[in-house]
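These notes open a run of structures that come right after.
Here chain A shows up in two complexes: once beside chain B, once beside chain C.
So, the complex of A and B:
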């Protein structure tokens, strides 16, 4: 079952076409890697999918709702973690979870149980009342991911979630991703780390506003006769 | 509705969590209130006068004596020639020069018209008018008194209309009583405009607004959630300010304080609309500051706080209608000093309600989740 179906999804800014009629589908519970060089149109595509930017054309459904007409409905069913850390640094861990839980309309009881679950998941019980700004980056990123999932969304969009994070924390982060996907949540992730690309179920690589390649890491390596995803990427982008 | 509560809660935590903010928001304006109310005194108390007496008669000395006896005038010189008196004026040592012509007494006793010359340094228009007014009053009194002393046969009787003025609503003409309510109103409004103008743009700068925009929050919930804490802060400042006004300046509170608080609430809603509208339009806190500052300056200087609205040109008077500070100053003065009731300030309420609708409409419309 597909949770995202994009057909000719397009975004133009004046004469410039940032996203040029891309089509793809993402299945439920899949870890979908969304790759591309800087400026290839990845961020613009993501912004459209999460309802921050209006598509200029195409018909797209996310979580069963139409992107152009039902974007507010979509927002109830998706989570998003931007590449810039965007929890409130002057609020504590607990207060951030509480706020986003409330904003997503969860009941007091659910917020309480979700808070306990998240604190457990990211191992922050001892720091629950610390200001988020005082946490190390790796913990912040894992907390962001957990908070983006506080309302049990169908899809979580992660925009370069592991930028600047040490390898051990990256590993922990991917364990969280796999755990979420195993529970039936779809993960839509962008990254510049090619080892992370290998962890994805399927990958699309964007070049100049178009999807140049789409498939499992194995299929892509075979197709481009490469040993690693890094080689595939370089062949396409050059 | 519950979403709204969570936004309000978050804003309160952020404002109160910043240890410096609450004292800054209440103490600084109160210091301003005290400082400005003591300083913003339009009363002209000391007028430097230079008198050239070319008559040297009993009558002219009597007049000079009467003038210098007034505590408002300080005689800084009695130059022997009008030319020298003009120099005092030029040098700025004298505010007013009075020239008593030769044969002043002689002509007066003959019943001929007598003219005194008054030269006023009008660089400060208000001080000049007031000073000249004082002097005119002294001369008028002198004129009247002296006529009674003239031997009966030589008296000329011209009927006189005597004006006796009574100062209502501020009988002691206490300038501070007039200024404190207005300044307090102004301070409350400035504080909330500045705070709210910096608010959503701050979230945009930090990037947290993007996270908010992917949630199902509605524009009006977001704006209202931001507004409620600021209304509380504004009301708190009003309460502290009124208490200060009572304790330090003994400002009379003739009218119903409930009307003042009710009006403050409405006015806060209106100006918060302006602040949040600014915040939604600009990209950085710096821009927000500049735009807010522009409005604040115009609002203050055209509010009737320091210069009466009635003496502004007609177009400027029209511009005070959409000025929330002008209405606040007017309502504070009317209710506190004059005891005006709800019906007497109904016009201010109506206009402010319209402003609140317009500004908040703009604020909600300008907050776009999707770009």
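So, the complex of A and C:
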């Protein structure tokens, strides 16, 4: 079952076509890597999918709703974690969870149980009342991912979620991603790190507004006769 | 509704966490009122005066006594020559010099023309003008008292200052400070807090959530409306109990006007934040486009009628101008709506225009 189907998704700014009629589908429970060089249209595409920007053309559904006409319904079914670390640093861990729970209209009881679950998952029980700003970056990012899932969304969009942390911490973060995907949540992730691309179930690579390649890491390496995703990427982008 | 409450609660956490902002929010109005009340004042007492009395007769002594006993002036010296007086001025020891001509008394009673000379230190023009005015008023009274009689055809002028007979400067600065502080909290703080969400990237998260833009804005501004109103009350109470500034008109009308002005200022803050992408830009925008003109051109510090034509026009688009008019109308003159509908209408119109502009900007951004 597909949770995202994009058919000729397009975005133009005046004469410039940032996203040029891209089509792809993402299955439920899949970890979908969305790659591309800077300026390839990757950020514009993800902004359309999460409702921050209106598509100029194409028909796209996200979580079963139409992107142009039912964007309000979509918002309730998706979570988002941006590349800028996006929790409130001056609020405590608990206050952040409570706030986002409230924003998504969760009941007091649900918020309480979700808070307990998240604190447990990120192993922050002892730091629940600490300011988020005082946590190490890796912890903030895992907390941010957990908070993006506070309302049990179908899809979580992660926009370069692991910028600036070491490989070991990145690995920990990906453990969380796998656990979420195993529970049936779809993960749509953009990244600069090619080792992370290897972790994805399937990958699309955007070049100049179009999807230049799409497939599992294994298929792509075979197709471009490369040893790693890094080589695949370089061959496409050059 | 629930998400709105969650939002307001979050905003309060932000404000309460930030002790520095809290100190500014409540310390500044108190500091401003006290500074304006005690330091920046047009009232004066015991201005140092030197008199060159060339007459040395009964009448001249009486005149000097009258000047000094008014309480406004203090006789510090009686130099013999103009050069000595000049030295006193240079040393800054006197602010006003009085020169009484010889034969003052005899000329006066023979109704010959006699002229006193007043010299004031013009390096502080406002102060000098005030000293001269007070001085000549005292001389005028003195003259009238002594020169009575049938053959005297002088036209007497009786002056009365309405609404503020004692020329208490607090009557002017309390409304002014209220206008500035409300602008600061409502416009500047709001634009700052919205710009902060943009800068930190949390705004994107809010826009991705099911919250409507209206809820976001309302959630953002609600705490600042409450803060502004409590600050306005604080300043008015300080004015009432410390400086005896009355509220002659309706208290509820006054509250209503404060609320209206807070809305105008909030919409200004929102408009600035739709344009500014960082806190610094928002800060600069509010300081230079709002705070400076409101201080200087709203009639708070300089009278509008004495401004050049161009600046009067600028003053006419500053919300604080109308708000100060409303405040003075209610507090000092006890006026009601039938006299104040015009400034009220202007503020309301400004608010609607500003909000529409913000909405328009916001729409463009999310396209």
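FYI, the second predicted complex is superposed on the first by the 238 of 238 C-alpha atoms of A that agree within 3 Å, B and C clash if a C-alpha of one lies under 4 Å from a C-alpha of the other, contacts with A are read in each partner's own complex, and residues count from 1 in each chain.
What we mean here is this: a contact is a pair of C-beta atoms (placed from the backbone, for glycine too) under 8 Å apart; a residue touches a chain by one contact, two chains touch by 3 or more.
What you see is a predicted model; the values in this text were computed from it and never measured.
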Side-by-side fit of chain B and chain C on chain A, or clash: clash
Contacts of A:193 with chain B and chain C, given as first, second, both or neither: neither
Chain B versus chain C as contact partner of A:82, first or second or both or neither: both
Touched partner set for A:71, first chain B, second chain C, both or neither: first
Chain B versus chain C as contact partner of A:52, first or second or both or neither: both
Partner chain in contact with A:224 - chain B first, chain C second, else both or neither: neither
First (chain B), second (chain C), both or neither touched by A:104: both
On chain A, the residue positions that both chain B and chain C contact, one per complex: 50-54, 72, 75-76, 78, 80, 82, 84-91, 95, 98-105
Contact footprint of chain C on chain A as seen in their complex: 50-54, 72, 75-76, 78, 80, 82-91, 95, 98-105, 131
Contact footprint of chain A on chain C as seen in their complex: 2-3, 5-7, 9-10, 13-14, 17-18, 200-202, 204-211, 366-367
Residues of chain A that touch chain B when the two form their complex: 50-54, 71-72, 75-76, 78-80, 82, 84-91, 95, 98-105
Chain A contact footprint on chain B (complex, rising order): 2-3, 5-7, 9-10, 13-14, 17-18, 206-208, 210-217, 369-371
